[in-house]
Structure formats: structure tokens, C-alpha cells
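In the two complexes that follow, chain A is the common piece, with chain B as its partner first and chain C second.
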Partner chain A sequence: MTKRKTWLYFIPYGLWLALFVIAPVALIIYQSFFDLGHQFTFSNYSTYFQSATYLKMTLNSVWYAFLITLFTGLISYPTAYFLHQLKHRQFWLLLVILPTWINILLKAYAFIGIFSQAGLANQFLTFIGIGPQQILFTNASFIFVATYIQIPFMILPIFNALDDLNPAFVNASRDLGASNWQTFRRVIFPLTLPGVKAGVQAVFIPSLSLFMLTRLIGGNKVITLGTAIEEHFLTTMNWGMGSTIGVVLIIAMIIVMTLTGDQRPKGGTPR
Partner chain B sequence: MKRLVSLIIGLLAICGLLAYSSAQLERSSGSTGDKVLNLYNWGDYIDPGLLKKFQRETGYHVNVETFDSNEAMYTKINQGGTHYDLAIPSEYMVAKMKRAHLLQPLDKSRLTGWHNFDPQFLNQPFDRGNRYSMPYFWGTLGIIYNDKFVKASQVQHWQDLWSPKFRDQIMLIDSARDIMGMALITQHQSMNTTDPQKLRAAEQKLNQLAPNVKAIVADEIKMYMVQDEAAIAVDWSGEAAEMLANNHHLHYVVPSEGSNLWFDNLVIPKTAQHYNAIYAFLNFMSRPANAAQNAAYIGYATPNAKAKALLPKAIRDDRQFYPTQSTIDHLQVYRDLSPAKVELYNDRYLEFKMHH
Partner chain C sequence: MPQPIIELRHVTKRYDDHPILKNINLTLEPGKFYTLLGPSGCGKTTILRTIAGFTDVTEGDVLFAGQRINAVPANKRNVNTVFQDYALFPHMTVAENVAFGLTLKKTPKPEIEKRVAQALQLVQLADYGDREISALSGGQQQRIAIARAIVMEPQVLLLDEPLSALDAKLRRQMQYELRDLQQRLGITFLFVTHDQEEALAMSDEIFVMNQGEVLQSGSPVDIYDEPINHFVADFIGESNILPGKMIADFQVAFGGHQFECADAGIPVNEPVEIVIRPEDLTLTDPEHAKLTVTIDTQLFRGDYYEIAATDRLGNDWLIHSVNPAEDGTAVGITFRPQDLHVMRFGEKEAEFDARLETYETEDETRDET
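== the complex of A and B ==
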């Protein structure tokens, strides 16, 4: 009886998994083996790995995703740490999450308003005597906006990891004579590392295939794999090539997941 | 009790969701009633006053549904399950839909307004003899400039854009065919060439333009130009009309050495059902007074010669949107290229984007 019930509970999850995870991925992999004439071929993959354009684009994507993740992490960890010390921390956390309720496109358009020639940022620069600068369509503005958008997804897992941290460990560390810095480096940071890893996964992977922002904020001066996928699906209608790039992205994601996954060393905790 | 309440709320939410989605589905496949016409159009691409007038005159109610790209429209009609009676694809898409057997021929004997059209906009390579399509609007690709930063004499030709004076000042529309085409024209080549070497040369030409290119953007280009974000843009006349209406410092130039001539066309897709309404609408829209009213509302150039004559002189003689005959003679219509050739254009264009 109980056995049958557990099996029933699995149905929605199983259906979901099959329909929305396994089927699309299988379709993408299947599509990637067909050329424009619907003939079975490996040529998409050989084109991809022989083309300097695609390889450069891949490097570009990884590099920008890395930068975005790095800046997001640098801002999020101290923020999460600070938020965690506050009295009404759930409230402050809510304020951090609030921007994620707004559509990404709206946020991008808001930044266009702020960064444009007559925008707030340039008004401020003029006010302090620097004079208006070209802010939109630069790599820096692209990374800035992408980082802004990703920050909540990094803060949340780190905050939760800090929440899970047993205060007794911190107290013990202090009692045993560790300084604040030592406590942080030897106790708090290692114990919240899973949160950081989860945050990296949540930020790095979507950053790899950003394409709306590369056009809206980057003015297509930053070209990532997302741009190429969009073009193959919408303009050239070469779904095979688009899927091939999709498969490459999926593989990149698996690599990131493995690198940041939980690798508990066997036999005791590391010192 | 609490459980019961949450159960009821959950059920209500699910019912609401289902009702909403079924309403959505019904809406998005077009209505199938009697006195209706399902028009599949670009957003804000017909004077709503005309739709009311049409209903008053004929009793047919027009359901308008919109799409935002030719490709999206193609996919939706191709997939089936829709009941569109009329659609408005661009010229290359007419050729593509024709090849995919998605169109039905026009019954010329039921059309009463055909003689109103200017013959130079009929019988184009994408649909010889206009067997499947009736032109709706036409336009060009050109240069938009802001007279606060640039003098008219500085930007009359495509080659002018390469001038070092315009460093970091030009915005390009993100469209492979148009931007590659512009470079091809500066090299005196056809905008329809499929010679890989000529396309390679066009890419190199574009790479030289890169220092002048501020950004390669899509629809946002209108907003940027209106806000004085850039001095110069390369875009279609239709988009230009909208920009000019919102910023009187902006002007539009069609280079006399050549450019693209595009058409949006009324076609009857395979999914059509209400033939009386379709022909009533086609005849209604080709009547000069109605076509002129629509052209005045949209701001694009009408292929209907009698309607053009009815437009105010200021619009009729506006060389920005109704260029001189000698310029029109140099315009080129895009041919529908095979997917492999389209890819050739896009690969070269992507490399230019990477370079820049």
C-alpha cells in the first residue's frame, strides 16, 4: 500500500521531468545532427569546432560569464553576510529579492534611460565636472547591468547557507582564541562554501547565454553564443547549427555543475 | 477547515487558469463565426478607423491579430490550427510562403481596385504577375540623420558613412541582409549577390566601418534616435517615419546610387475561410480614399497611385518617403535566397559583428 502511494507521488515529478527536461534536451541533441536539407550529418559539429568565429564567441561567452559571476560574488557575499547580522533580516532580504519580480526587459530599458547621453548618470557626471561620457554600449555597462540582474540569485543561496550555519561553531572558534578574521576564514567561509557554489551555478550558467542584454545594453559590441543561437533560429532558420551551439552550452553547464558540485572528500572533513 | 479553504482556493485558481488559457487559445486561432474576417497583421499597421468603416459598410467584423516578425508569422501559419483569412508578409516571405504552398492565388475577377495601383510596384520578382499578393505599402532602406550634429550635405550617399568624421556616431539596424546590402552597394554590387567572394569583400568593407559604429540594435534604434543618442542611423523608411514624427531634428535620406525597395503585401493564406469578407476587404482597402487615409495614418508610402494623388501635397512630394523616379529606378528588391545563401550572408555579418 505505502509502496504504491510513493509511486503515485512520483508521477507529477516524473511527467515534468520527461516533458520539460528530458524531451527538450533530447530534441536539441537530435536536431543538432541535421543540416539545412534535413540530412543526417556531423557537419554542424565540425563547422563549429573549425570556425574561428564560433570558438572566439565561445571564449567571449565564458569570459564574460566569468566576469559577471566574479563581480556578483564579490558584491553578494559581503551583502549576504551583512544582511544576516541585521535585526529584521527577512525584511531586508525581501527588498533584495523584490527586483526579481520585475521583468528583465523592463530593467534593461530602465538602465538605457539611466545610462543614455541625457540620462541620470551623465547628468551626475556633468554636475561633478567630468562631462558626459559614453556609458551605454560599452563592455563595462554590459557587465554592470548583468551583475545587477544576477545579484539576488547569488545573495539568496549564500544567505541561506549563513542561516544554516550553527552559531555554536562560531562561538567555539572565538572561545578557542581565534581572531575575527581567522573565524571567518577557517570556519564561516568553508561552511558557507556550498551556498557560494550554488550561487555560482545560478549565475554563471544563465550568464553564458545572455543575449537580450548584449543587444540592448552592449549594442551588439559583446557577442555571446546566445546571439548566435537567436540568429540561427530566427533569421537563418538553421535549427541544426543553433541546436549544436545549444548542445555546446549544455556541455559547458555540465562542466560547471561538476566543478562546483559537492565533492565530499572521503574520510573525515578537510582541515 | 483551513485545509478545506486552501483546497477551494486551489481549485478556483486552477479553474481560472484553465478558463483563461482556453480563452487565449480561442482568441489566438481566430474566430470562426459568420460575419467576420481574421486579419493577421503587424502591430499598429492599419488605421483602426478604417476597420470600423469597413464593418459599417459591409457588416463584416475584422479580428486583428498581430505578429512581430515575418518568421513568427510563417511558423504560426505553417503549423496550422489557425483561421487567418489575410496576412501581410514582406516580399521575401511571400516568395517563401508560395514555395511552401501556404498561399492561395488571388481571384483577379473579384478584385475591383487593381487599376488603382502604380504598375511599377506590381509584377515584382517575388510574385510575378501578382498571382498571390496585393501590395499594401512599400518603402526603402536609408540614412536617418540628426541636423543638430550632421549637415544634410554630409550624408547623401552610403560611402559618406565611412568618413572618419563620424567616429562612434552611427547606429545600424541589426539585419544581416540590409547591412551587407548597404556594403555591397558601395562596391557597386547587387544586393542579391550570392558570390562568396563578393560577400567576403563586403564584410571587409563593413569591418572598415566598425570604428564609426556606435551600436547594432533593433527596434530600440527609434527610441535612441529620438533621444539624440546618436547622430546617424541606418534603418527602414517605415521606422524612420515614426522617428521623424517624434523628433523634428531628424531627416531621412535614400541614397540615390541605390538601396533596398521593400514591400508589405496582402496575401490569402491556406487557412482562410471567409472568402466573401476577404474580397470585400481587399476591394475596400484598394479604394483610393481608404488607401490614402491608411497611408496618412501609418506614414508609409502607398503603392496605390490614385490614393497617392489624394494625399496632401506635403506628404505626396516628400522626397524622403516618395523618392524621385531616378532614385526609385536604382532601388533593388530582395530576391528570396535559398537557406544556404541566407546563411552565407548571416555568417559574414556575424563575423563583422564579432570584429566590431
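== the complex of A and C ==
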């Protein structure tokens, strides 16, 4: 095969990209400019940016996505660091990844069982004398379950970043007099930051549009943009408004991608 | 003898019962250039890591200026390392890399700046402080790695094959610079390499290692002229190693003839090996020759011809000659008694030194009478 024909290999993925990525995004943007009566309009956007409900919902989504990402990160970095030092680390990593093979709805239903009035969690609370509490349908339980689901997606890139880290850097740092903590703060963490950023991208963006969990675990107390989109498309049938929120989400994703991208300028750092 | 700066006493290291270092004893004096020389996997880097504190020993003592430092962590030892792949921090500039160790010590900022500038000056990269590491060539990275280590003013600098990633020309230049730097700083260098040429060129003293043992230690000239066994003779420089037999003191037989040599103290009729360096062999006409060989092939090496030949008994000979020879012809070779070096099988360094002493003093008494 000549070099010129290598583009042929791109056809299957190119088709996929066009049909399932570019076309839907174009359709969403197109739909967002039509109202319920199929008339071209900017009113969806003006409604969105003038309505306190929508803005509060956006803020809510960002806030909860931030909290979920924060907790995921706080748990995942030490875990990845610890896993990386184990002898059979690939095996332990597999155990961490294993839950991602199970459908998210199944996991959500499992948590309903665990957190319900007669569930395992309340049985334990009763056993230690605290008595049954309302766990399900609280904001805390929503964040807990969302964090649980996102953890593997954060651990994996951080683990890989630690794996790629040349151990000579750690030795060099120790050699120059750095304690374990100084080595971590000044060498290991900065050099594995790309892994953390990749993890933030993998967690924050999907967390913005979580919707099944908000209902099943959060009891619809937290209304995120994801829930709003679902409502507009399936309940109120206002596809224009749903698409507008979709566009806002896409823009939010682009912003997050830019913020967590590699920003280090070439040739000298600013002082 | 001054107080040794580093001492290893009976150091043994095992990984899962697999011995890496076997009863290593070595002493480093302040202000000298030492080299650990050996093939890859011989344990030389493990010795370096032992002194730096990156690995612990199974048995034995590591001493720094007379103090046992086995339990002292790497960051508390007054030694610094130049790593094989330099290990410069890619997220810091050149100046930040060099300043790294000083900032940890909470050194005042003006002093850091002064010392970083001095260190960069010393490795001739004074204007490179603001550069990114990725913007440096291999040779420049090498120098920054040295600057980052010496700015800490260590008493011992450990260098782990620091020149192996450089091209031949730069490597030669860096050999001069490293030697020069060591003499200017006056601190101890412990250099690890598998390149015998590098070791011979730079060192005050070489430790030749193989399979976790120090086989021989001494000045480059001693090791080159009087290798203790087949391995050392073969590893250091090029050599002809021939089976022979001791006839009497200062008389040895090999290649079907008997020759005068400079070695003694070996039992009569003991099988030995004889080392002759290719540059000590001189081509001559067969009448004046000590041995006659047939020329097989030759290569022009620029400043000499490398000639491969075979003698009557089928031994291979390597000869360095300024003049070419003709392939297939029989030529004579000659050498002086002191060009022969006799090696006993299984002789240890201590035994070799002891034997050398017996007949070298004999030599002197003979001269006196």
C-alpha cells in the first residue's frame, strides 16, 4: 500500500466521528435556536441567562461537580501513591478498576439498598447505638455515591503518571537533601500533576451532567444541568431549551479542558 | 595515610539470596579520583548506591569519615550523586535545578544566587540559568547535573556512568574537564564506568570489579601492566593471553619456546598464563625473532596497523605495528623480558602483592651484591 492511501484507514473512525460526535453537536447547537413553535429565536439563551433558576442550577452543578472532583482527588492521589508502591500493584489496580465494569445503575440501586431505612448502613448505626438515620436522598449521600463511582477514573491516570515518573528524580531529590515530604511536594507531585489534570477532566466533566444519581440517590434535591436536560427532552418536550443547556455544558467542558490543559510556556518560566 | 573519607568493610549485598556484592572492602582517601570499573551487572553501581544511601547492605559497614552511616538516610549524607541519565527535574529551569538543594537548606536567597552563579560558571554554562532542561543538549545537561551536585559542596562526589550518553568526541572532552574539576575542587570523586579507556585516563586509582567482587585495585599503570588474572588482562586494554608453564624464577615457557621474564616466586612447572600487550610486540625478520607467526589479516587504525597473526602452535596473536605487513607471510616477532607478565590461576590480589614483594626486594639485594 502506498503512503497516500493510508487515509483509507481513517474512514471507519471518521464516519463514527461525523455521525456520532460532530452531527449531534451540530444538531444540539441548531436545536438551541428554536422555540416550542419551531420558530428561529435567541429566546432560549436569553431565558437561560436571565432566569435565576437556571443560573442557580448551573452554579449548583458546578459546585457539586467541584465537590465530587475534590473528594475524588483527595481519596485517589494517596490511594494511587500507595498502590504504586505495592508489590503486586497491577493486581490491586485491577481490583480498583473492577467496579467500573458494572453498570452505573446497578451500583446506584445497590446503594439504595445499603442506605435505605432497613439497609446495611442503618443496621450498623443501630448496632453502635446511634439509631437509624435518613441517609438516602440527602446531598451527602449523593456526593458519596458519585465520588465512589468516579474514584477509579481518577486513580488510573494518577497511577500511570506515578508509573511514568523516573525513580531517579526521587533519588536525585533525596540526594540533594530533601526529606520524603519535601521530595513529594517539590518533585513527585509537580511531575505527576498531568495525571491529576487528566483525572480532573475525567471526573469533573461527567459530574457536571450527572442525572440518574441525583434522582435515585439525591432524591432530586440537587437539580443539576443533567437533570434539567432530561426533563426538557423527556417531560416538557422543550428540545430547544434542553439543547441550550446542552450547549452551555459543552462550553463548560471546553473551559475545563482549557484550564486543565498544559499551560507551561516554552523557553523559560515567568518569574 | 590520612583519615579515609569513605570505607566499606566486608560489605555484602543480596537480593533474594542472589549475591550482588561479595565481601567488598575498599577505602577512599580524601581528594582523589577513584573509578569502579567493570562490565554491566558487576555490582559497581550498587556500591555507589550503597554510599549514596539509596540501598542498604545485607552485611558489613559503610563508614564516612570514620563514622558508621549504614542507618543514615540519603538526604542526611554529605555525598552527592551525578546520575547516569542526569535526573534533572524537567519542571524546573536550570537555575532552579542547581538551587534545589540549597533552597531545602533554607539558605538565604542572595547566597543561593551567588553559589548557583558560581557553580554554573564552573561548568562553563554561566548564561544558561533561565533555560528549560529540555532546551539543553546532552553535554549541557551533563554539566548542569554536575553543577547541581557540586553546589552542595559535598566531600565526595559519586558519578554513575555520567559520560555514557555522550558521543565519543564530547566524552573525551568531558574526561579532561572532569579530571580538571576534581583537581580544582580537591574533593573525592568516585566514578563508575564500564569503559576501561575512561578509567585509565582519569583515575588516581581503579577498582576492577566482576560478579560482585573487587578483583584488583591500583593505579591505572599498575593495573594495565600487571593484571592479576585473565579477566582483568582481557578487560583492560587489548592483550595476548597465552597458556604457558613456569620453568624457574624469571624463566617461562610458551609458544613452544623458553623465554626470560620478569616474574618469580611461582612453583616450577606450574601452568600459568602469559600476557603480552599488542603494542609491546615488534615485527622483525624471522632470523632475529623470538617467535615466528603467520600474518592473517590487518586493519589500518590511523596511527597504527592492527595485525592478527597465528603462531606454529595455533595461538592467535594481536600486534600493533607502525608499519604494515603482508598477509600470508611469515614474520618474526620480538619482545623484551619486562613486556611479559605472568599470571597464576586463581591468585588473589593479596597473594599477588605478597609474591611481588618477595622478589622485588630480592631484586634490590641482588643489585647490592
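The rule we apply is simple: the second predicted complex is superposed on the first by the 264 of 271 C-alpha atoms of A that agree within 3 Å, B and C clash if a C-alpha of one lies under 4 Å from a C-alpha of the other, contacts with A are read in each partner's own complex, and residues count from 1 in each chain.
Assume contacts are C-beta pairs under 8 Å (C-beta built on N, C-alpha and C of every residue); 3 or more make two chains touch, one makes a residue touch a chain.
Keep in mind that this is a model prediction, so the values were computed, not measured.
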Chain B versus chain C on the shared chain A, clash or fit?
fit
Scan A:191 for contacts with chain B and chain C and give back first, second, both or neither.
second
In the superposed arrangement, does A:134 touch chain B (first), chain C (second), both or neither?
first
Figure out whether A:26 sits in contact with chain B (first) or chain C (second), or with both, or with neither.
neither
Applying the document's definition of touch, where does A:235 land relative to chain B and chain C: first, second, both, or neither?
first
For A:57, using the defined touch cut-off, is the partner it touches chain B, chain C, both, or neither? Pick first, second, both or neither.
first
In the combined three-chain arrangement, what's the angle at chain A toward chain B and chain C (CA centres, steps of 10°)?
150
Based on the superposed arrangement, let me know which partner A:223 touches: chain B (first), chain C (second), both, or neither?
first
Which of chain B and chain C A:176 touches, first, second, both or neither:
second
Rounded to a whole Å, what is the shortest Cα gap between chain B and chain C in the overlaid structures?
36
How about chain A: which of its residues touch chain C in the complex?
166, 168-169, 171-179, 182, 186-187, 190-191, 264, 266-269
Could you list, by residue number, the parts of chain B that touch chain A in their complex?
69, 71, 168, 171, 174, 176, 214-218, 220, 223-224, 227-229, 339-340, 342-343, 346-347, 350-351, 353-354, 356
In their shared complex, chain A is touched by residues of chain C numbered 52-54, 73-76, 79-81, 83-85, 87-91, 93, 100-101, 104-105, 130-132, 135, 148-149, 152
Listed in rising order, the residues of chain A that touch chain B in the complex are 36, 53, 56-57, 112, 116-118, 134, 136-137, 215-216, 219-221, 223, 227-228, 231, 234-238
